[in-house]
Amino acid sequence: MEVDPHVWLLGLGFAALALGAAIALVPLRSPALVTYGCAALGAAALAAGAVSALLAGRWPDLGAVALLPGMGGLRFHMDALSAYFVLLIGGLGAAVSVYAIGYADGQARLQGSLWSLFIAAMAAVVLSADGLGFLFSWEVMAVVSFLLVMAEHRDPEVRQAGYFYVVMTHVGTAFIIGAFLTLYAASGSLGFEAFRAAAAGLPVGVRSAVFVMLVVGFGTKAGLVPLHVWLPRAHPAAPSHVSALMSGAMVKTAIYGHLRFSFDLLGGGSAPAWWGGLLVALGAVSAVTGVLYATQQTHLKRLLAYSTVENVGLLVMGVGAGLVARSFGLGLLSVAALAAVLFHAVSHAAFKGLAFMGAGAVLHGTGTADMERLGGLIRRMPRAAALFLVAAMAVAGLPPLSGFIGEWLSLQTFLGLAAAGGSAAARLGAVGAVTAIALAAGLGAAVAVKAFGITFLALPRTGQAERAHDASPAMVGGMGLAALAVLGLGMVPGAVLTLAAPVVSAAVPEFGSEAVPGAGGPLTWLSINPGTDLQPLATPAALLALVAAALLATVILGRGRPRWRKDMTWTCGIEPGARMEYSGAGFSKPILLMFRGVLQPVRTLKVDPAAHPLFPGQVHYQSELKAVFEQRFYRPVTQAVMGAATRLRRLQTGSLQIYLLYLLVAAVGVIVAAR
Amino acid sequence: MSTEAPVLEVPIPAVPPGQAVTWAGGVWSGLVLVLSLLAARAVFTAGPVRSLFGIVYVDSLGALMLVLIALVGLMATLYAGSYLRHEQKRGQVTALQHLHFFGWFHLFQITMIAAVVVENIGFIWVAVEATTLVSAVLVGFYNRRESLEAAWKYVILCSVGIAFAMLGVILLYTSGVHAGLDHREALNWTSLMAIAPNLNPAVVRMAFALALVGFGTKAGLAPMHTWLPDAHSQAPSPVSALLSGVLLNIALYAALRVELITRQASGAGFTGNLLLTFGLVSLGIAALFILVQRDLKRLLAYSSVEHMGLVCVAIGLGGPVGLSAAVLHMVCHSLVKPVLFFAAGNLGHRYHSYHMERIRGACRAMPLTGGLLIAGALAITGMPPTSLFLSEFGIVAAGFAAGRAWASVVVLLALAVAFAGLLLHVKEMALGEAPHGIQIGEGLDWRALPLLVPLALAVLLGIWMPPAVADALRQVAAMLGGGL
Amino acid sequence: MEMFTYALLTTVLAMVAVQNLYLMVGLAAVQALLLGAEAAWIGWQHGDTALYWAAALTVAIKAVVIPLFLRYIIRRIGVIHILDSTLTVKVTLLIAIGLTFVAHYATGALAEVGGIESEALAAALTLVLIGAFLMVSRRVALTQVLGLLVMENGLFLAALATTRGLPLLVDVGIFFDVLVGALVMGLMIYRINATFESIDTSKLRRLQG
Amino acid sequence: MLTMLLQLLLFALWAPLVNGVIKATKARLQRRVGPPIWQPYRDLMKLFRKQMVISGSATWLFHGAPYVHAGATAAAALLVPSVPALQRGGDFLLLIGMLALSRFVLALAALEPGSAFGGMGSSREMAVSAFVEPALLVTLGAFIVIGTGSGPGRLLAAAALVIITVAETGRVPVDNPDTHLELTMIHEGMVLEYSGPYLGLIAWSHDVKQLIMLTLLANLALPVGLFGQIWLALPVYLVKTLLLGVLLAFIETGMAKVRILKIPDLLITATALSALAALSGLPLGR
């Protein structure tokens, strides 16, 4: 029997990752190059295998290992959905691995080994066809990522962040286990195909319970508000290449889980409309909350982390829209929604991965990611700046980059839902969703301006920023790959949508891949001037031509190239300096004040009274956001548990007599019970 | 500190202390392991073995326990060699005490082995009580105030508990005699199993209830577990490893023998519910206690309570899933918990304290031990790729399979709390910067074996179970399911 | 038979009430003697020689060796009369009577099984429970050992009452355990006294939480 | 291709005049003589010929921004339905995207020289635009839902679009195009460091953007006179945009500038109006 090339490629990929994991522990001359190089090759092979599979459309089983006799084990099967996510993981994994050769030079031993395992575990998650194997891979992914986050464990904040992360993800996994086992109780097996068969026969109440558990479980991993609190802690704490992969790829495994279960295993077609509605609502809250918090961050990586919360919200909204559309029988809209989710998943992986790599370059070049200590890096780090600008523009959702296409597809879906939705509630919700997405996009642009502008533009605020050095060639290489992806996805979106088409048509079987927008499908609805859709390269080409025209017009009207002379910036006659610049906090202050009801700023102003009454000496100003989610959701729970534990601890009094009393009471109790 | 009591001095020939004792003990324990494995192979391929006038009887459950005792015993013996040598070098332990230790240590192992190779439930009781008395001496080994206190609580509570168990054994015997068994065989497990349906259900139920309280005390089930954190924390670390790793299993083993008979006689409902109740209570209490511990070894001790609770829950829930998970879980716990105690022992030597607040930056000071502490903590909380993930998953699945999803929910909740609690402490101990004045560095030599081997085995079982092991576990699970 | 049973109950209630250590050891010895006598009597009734051995062992170990050993310890430590009860005598007695009720309640259901003398079994369970309670209510390490002995006596009585004793081999094992247990505990008391300068176990409260 | 060029020329040439008319109207309303309506053309020509003073800390980004700004605005202009014969196509999401792109580059360029004014303008612009974008999107969406029908919906949406136009063109009560007072300025703060041809490009683009908004208002709120023949439709279009410009001048003169923190209220009102309009056009009773 002939084995498909993609099976070989996947095998090659996993083998290279295994080699990377093993070889990292061997003393080597240049460990980073070998370790991360292996990882890059492995990840690239995975991605290539996925592409080949998606093009070939054949889905063989990939082997199995029994773990728990009689219950299940690691069983791998690739279908279109998993292949698509393998592509995402492998693609980003390869780019970031290249980056890591330069970035993680000092962290190639254990961390390098875990790195390869991390990529492999993520791929294993999306390839699993068995509940036990899925959870196994899922937990391996959690453990490995936890250890990767802990790389700089000397810092107590890092330890706290990693701990927060792993505990939350553990609790989330408990919900997934609950969901799986509910299906298991009905089907008697942990195989996904058994789940699929059993779910069809389950009463809708049970299915809904499973769905809600999965929303919580996957929502924790994805970082849905209010389950997101680990994300803005863990991402800044982790080394930047790890953040890039976590933010770009790992949270996508949760999106994969949503898609796999709500569309495939739980039978998306017969889902109640509120399933989708719930996802849309949660997603909208996450998108807006995430981006709002992002505007207020002054730590570059935390800002990006909150932006990930936003994007996850957008993705989940898309999944929800697809479900709503399906439950109302609006198949074409469901197709569009799925296309939006799949496209944006890959697009976000590319641009957020790039952004985190850029943040890493800043951290590497200056030693800090605190924007208030940076500034003016565009001169010292031109390559990193240019690449980060690409990411920032995609974060802002600007044409012609990939971020825009994703938002465009989601907005199209929701506008379609608003126009054609099955019920009044659905339409109202869709209008709300459109508003939320647009608001998120608008604030996202502010976030991008702040992230790029405060970090890279104007004058350096500290010596650290003045002495910055640019990214090394390997780092630039990794970032370049991601930047190419961002540009390519934005300019030729059809390419990746073609790859997504089999996924969509598998999920919404009544439509073939020809219905997928950009992959041959019609997208003629809802434009002011009907007739246009995603024509590859039309928009970017036009834009380029127009920019050239502006240049030309300047030259013609000015009778030659513009002439200029350099001079100081006008600052009302004072010597310009970094202290005059807008700071990061200052930049987002209007937004803070406009949204003070949501963000709940707490500010403290201390004026040193010792000096002259009219000219106070020192002024201390501190402004922070009230940790609303921590205070409302998490602190009560942890306090209750810790309180219970502390009270319970008194039972262990140390008194032997009391202990004997417990024993006696237990004995009398069972004697009475046994009678 | 105090005068050495004359009775405690077991006559051991005056060999030069140190290396020789270690080697002799190692060889002896290795021999025991080989013999146990041979016996186990015989049992698992050809059925129960009986010899020595019918006193010695090993069936699949016994064989599994035997192998666990021997395996953990060997690891603990190897570890004890380096552990005590270190203490002797520092003058904490005299050469004579060193010898005493090994005498009692091996005696302890022998009593444990005795408990699992006899068929007569009366003998099992005698052996279990003997383990208490012998290990109490080891718990009090350091002669400190705390260790004496712990030993005293240990011996008193376990003796009282086991007295209740004796009452259960007597009732079982009574019912056997009344059901027509001969006096001599009315305590034989196989005979009782054979006529179990004829036994008076009310009496047998009472017998089981008392046996569960009694042996449960020894197995560390809440609320009778109160001695456990004291004893396990005050004992020398190799002893703690044996106490936590295998002795608890043996106590549970004794209770399970009675449980099997009771289940045959009066149905699974009563025994299952009782086990489930004790299991869940233990699990819940232990999980919360883990959260607020301050002492490393007490932390590990509470974790043992938690895991015994889990095994009880699994057996209480029953079903093929639950039972095989219970068996696997016992094995895994026996593999991983000793590693943690060994690591704790190493840390205690380096930091001169088991106070978790004082242990900081272990990965820096002792890379191997620190790393293994993290690995062990992740393993014991059921993270893959170790086999505890599988067994804990199986236990949770058993609840759903048995239609008692609520129990599984409680288990999941408690596991999450325990996970949070354990990692809360471990991350601070293992990571970060080592305090000033702590010696940095750790060599990698044979002394790492007792830490590495069991953990490696746990990982192996977690990703690929050798067919022989799988078959053995299946047989034990089948036996727990009611087959002989 | 019933006479023995009531005598046993009387001794145990007396032990709950008294405070003098020598007196308590004496009462425990009397209890063991009574048990031995009962075993011998039942053996004589049923012509069961194994019971003679059991009776002899009981008397030898529980009425002679252990009491003597405990007296030796008391002498070495030099404490005779200390107030070690955490509860007043009235309350103690009330609880003891309550435990008797529990024992009767629990064994009542088992009476239907042919041959089990419910009354004796109830007494045995009473002994076990009160023995345990004795340990709960007393602080001194030595009385706790005595409580344990009372429990053992209850067990022996239970075996006698239900089936005329356990198999001899098992009995021997149990007696051995009891003996070793008493020795180990006695030595521990000795060490505790040396270390803590008291045998008040309420002082053993360093290990908490 | 030809229609594209024509549309481009239409916007490039007509936009300064509309601005001139607005300025002249405002002057009249303020009882000033004011500049002639051709003044914007002269200003632009002059700007293009001047030498620039560029901040010492500016880099390629500062130089590139005006071109991209102009290019993106021009792209947006191509996407707007002006006269039916010139319609090429493109959707309104892309239109909003292009406007966002033009704003984005300008906001970045404003940060480049490191002056406080630039940061202020940039910061405020991004904050305000966060409200403008949803408002514009929902409003345009509402017009789609309403379609060609007339009714209360169109009125509501038209009102919303007026508010947005005011905001997008940087006029009172949202912004003040005539002052450089740091308490109020948004757009002017951003472009403070620009001079010469760059400022010319930016100002021109700003005029075009203004015309884009007026065109939307003209063709969506008042969908009359959309004849197929260009010689009929074009004059109607030109007149409509001029009249709307005059309306804008009236609004600006008749109102006071609001506090920056009150701007969201205006735009939220616009969003709400449009949402209401959209819903009024939907068959909700199913």
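General remarks:
Which chain is which? They are A, B, C and D, in the order written, and residues in each are numbered from 1.
The criterion applied here is as follows: a contact is a pair of C-beta atoms (placed from the backbone, for glycine too) under 8 Å apart; a residue touches a chain by one contact, two chains touch by 3 or more.
From a predicted model like this one, the values you see are computed outputs, not experimental measurements.
More contacting C-beta pairs link the chains of A-D than the other of the two pairs A-D and A-B. Most remote chain with respect to chain D, judged by CA-atom centres, is C. Between chain B and chain D the centroid-to-centroid distance comes to 77 Å (mean Cα coordinates, whole Å). Work out the mean CA point of chain A and of chain D, and you get 35 Å between them. One inter-chain figure worth recording: chain A and chain B are separated by 44 Å, centre to centre, where each centre is the mean of the chain's CA atoms. The distance from the centre of chain B to the centre of chain C, with each centre set as the mean of the Cα atoms, comes to 30 Å. Multi-chain contact residues, meaning those touching two or more other chains, occur in chain B at positions 152-153, 156, 160, 164, 202, 206, 229, 289, 292. Within chain C, the positions touching two or more other chains are listed as 106, 109, 125, 132, 135, 144, 201, 204-207, 209. Of all possible chain pairs, those that touch are A-B, A-C, A-D, B-C.
Residues of chain B touching chain A in their complex: 152-153, 156-157, 160-161, 164, 202, 205-206, 208-210, 212-213, 217, 223-224, 226-227, 229, 270, 274, 285, 288-289, 291-292, 320-321, 324-325, 328, 363, 374, 378, 383-385, 389-390, 393-394, 396-397, 399-401, 403, 405, 408-409, 412-413, 415-417, 419-420, 423-424, 427-428, 431-433, 462-465, 470, 473-474. Chain C contributes residues 106, 109-110, 112-116, 124-125, 128, 131-132, 135, 141, 144, 147-148, 151-152, 154-155, 158-159, 162-163, 166-167, 169-170, 173-174, 176-177, 180-181, 183-185, 187-188, 190-192, 194-196, 201, 204-207, 209 to its touches with chain B in the complex.
Interface residues of chain D, counted against chain A in their complex, comprise 8, 44-45, 48-49, 51-57, 59, 61, 66-68, 70-72, 74-75, 78-81, 87-95, 97-98, 100-101, 103-104, 107-108, 111-120, 122-124, 126-134, 136-138, 140-141, 144-145, 192-193, 196-198, 200-201, 260-261, 263-264, 271, 275, 278-279, 282, 284-286.
Interface residues of chain A facing chain C in the complex, by the touch rule stated above, are 649, 652-657, 660-661, 663-664, 667-668, 671-672, 674-675.
Put simply, chain A touches chain D in their complex at residues 375-376, 378-379, 389, 393, 396-399, 404, 407-408, 411-412, 415, 418-419, 422-424, 427-428, 431-432, 434-436, 438-439, 441-443, 445-446, 448-450, 452-454, 457-459, 526-532, 539, 542-544, 546-551, 553-554, 557-559, 562-571, 576, 578, 580-582, 586-591, 593-594.
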